[in-house]
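Written below as structure tokens is the structure these notes are about.
All chains are identified by letter, namely A, B, C and D, in their written order; residue positions are counted from 1 within each chain.
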Amino acid sequence: MPSEYRLKRRVQFYETDMAGIVHFSWFFRYLEEAEHAMWREAGLSIAGGSGIAWPRIEASFEFHRPLRFEEEFEVHLRIIGKDARTIRYEGVISKDGTRVAVGRLAVKCVSKTPGEPMKSIDIPPEIDALFQLARDA
Amino acid sequence: MPSEYRLKRRVQFYETDMAGIVHFSWFFRYLEEAEHAMWREAGLSIAGGSGIAWPRIEASFEFHRPLRFEEEFEVHLRIIGKDARTIRYEGVISKDGTRVAVGRLAVKCVSKTPGEPMKSIDIPPEIDALFQLARDA
Amino acid sequence: MPSEYRLKRRVQFYETDMAGIVHFSWFFRYLEEAEHAMWREAGLSIAGGSGIAWPRIEASFEFHRPLRFEEEFEVHLRIIGKDARTIRYEGVISKDGTRVAVGRLAVKCVSKTPGEPMKSIDIPPEIDALFQLARDA
Amino acid sequence: MPSEYRLKRRVQFYETDMAGIVHFSWFFRYLEEAEHAMWREAGLSIAGGSGIAWPRIEASFEFHRPLRFEEEFEVHLRIIGKDARTIRYEGVISKDGTRVAVGRLAVKCVSKTPGEPMKSIDIPPEIDALFQLARDA
């Protein structure tokens, strides 16, 4: 797993609200888009595990400037923490080199069997190995 | 199943776009909200069937007037067609008695087994019975 | 302005994701719905000011349990902080008396003139008065 | 204005619902994304006009197959009709060469003055000229 990822994105019309700017709830989706793209770059899918899922346990954003329709921006995502069962990401959103917002996301690894409640488990070794490689690189 | 349903709703901030009005994609969600509420009123859940799902096959809207933040509106939903495997709904959206938009939705009954493609099936008798009752009422 | 508000809500189908639970981005919208409903109860509109807006400066959530389609839940919103230019809210989301998630939202008061950047201003006295009343009540 | 446009896109996690497929409301947003990208390619912005807006008057989709998380798809958008005040688009959504859904969108040109109701107007000559060029090309 690479330890960082840069997602390029453009603001869509339906992401704006009547204040003329991107609704704040969208920033959390931008962060998640970058997370999933980072996984794909490592040859993985966040939804690909056999019975594994990654529910969010914490999510936060500080908003510094607005984003507007058609503006291009970047999400610079980094893994800032990891233990046996959780991964912590930080994503800096910027446009034209100016910081727009900073978000954090913590996810945990769970096993998911249809009809049963999700249960926290250790991150599987094959995924963990990719993180180790990234850390050592 | 009742043959019609009236959903009262208020426009939320995140449903508006930079044009200051509700984004048109939301009208389809309003229609679906009314559909699901109609099912609940009949003691059913659109998601409750054992291995049954109701994918949308057609959806359309004509838009006559905009909706704005905090406005109250009504979705008047009616079943306008039904055959062995499909149901057709029409929803008239109005505010203060004025027609805002008219939508149509066609859904089909499918069996859904994890890992297999969805397969069109006849509407189960117990659901059909409720529709018959509604038609005869 | 009342110092707290309880919003009752039901999970809609389009709020769920392929994990079978409400997508985490929706919790931020639930929190905002409660905020706007609290303002309405005070006879105000978050969008009603002449040239005033309330952009979000911070938003966060801790997620304890998932929410699923058609479940009924409550957002218990409270004002937990206020200074000349900002308001801080906390919202506890629960179902059947069990805590599902806890969110925080900080908003600031800005003046908004078309074509100009938003500028932080003091909360207008007439809005502030309502908060004072609430505090003293 | 080019008379057609091809948008490449990947399904995002938050676009799926508990049925494990893209929620139908998203197809309307995909269509609109292609529309706005087509305008950008022509050097225009759907939101760029001085006091001009393009509200949707009709929107429809027929759904043939589902889209799933991380699948790549294409929106092939074409202008299929135009008169003095309206433009009609058709968008064919496909993945791996297989048709997934077909949508239609009709928009009208309106003048938009803050505080006044929107008023239908003729498409401005400079925008119309681009369409003429496209038609003649």
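Convention: a contact is a pair of C-beta atoms (placed from the backbone, for glycine too) under 8 Å apart; a residue touches a chain by one contact, two chains touch by 3 or more.
Just so it is clear, the structure is predicted and the values come from calculations on it, not from any experiment.
The interface with the greater number of C-beta contacts, when B-C is set against A-C, is A-C. Chain centres computed from CA atoms place B at the largest separation from subunit A.
As a whole-number value, the distance joining the C-alpha centres of subunit A and subunit C reads 24 Å. Subunit C and subunit D have centres, each the mean of its CA atoms, that are 33 Å apart. Between subunit B and subunit C, the centres computed from C-alpha atoms are 28 Å apart. Within subunit A, residues 13-14, 18-19, 21, 25, 29, 32, 47, 69 each touch two or more of the remaining chains.
Shown here, the protein chains touch in all possible pairs. Contact residues on subunit D toward subunit B in their complex (touch as defined above): 18-19, 21, 24-26, 28-29, 32, 47, 53, 55-63, 66, 112, 118.
Residues 12-14, 29, 32-33, 36, 40, 45-47, 69-70 of subunit D are the ones that touch subunit A when the two sit in their complex. On the side of subunit C, the complex with subunit D involves touching residues 13-14, 16-21, 23, 25, 68-69, 114.
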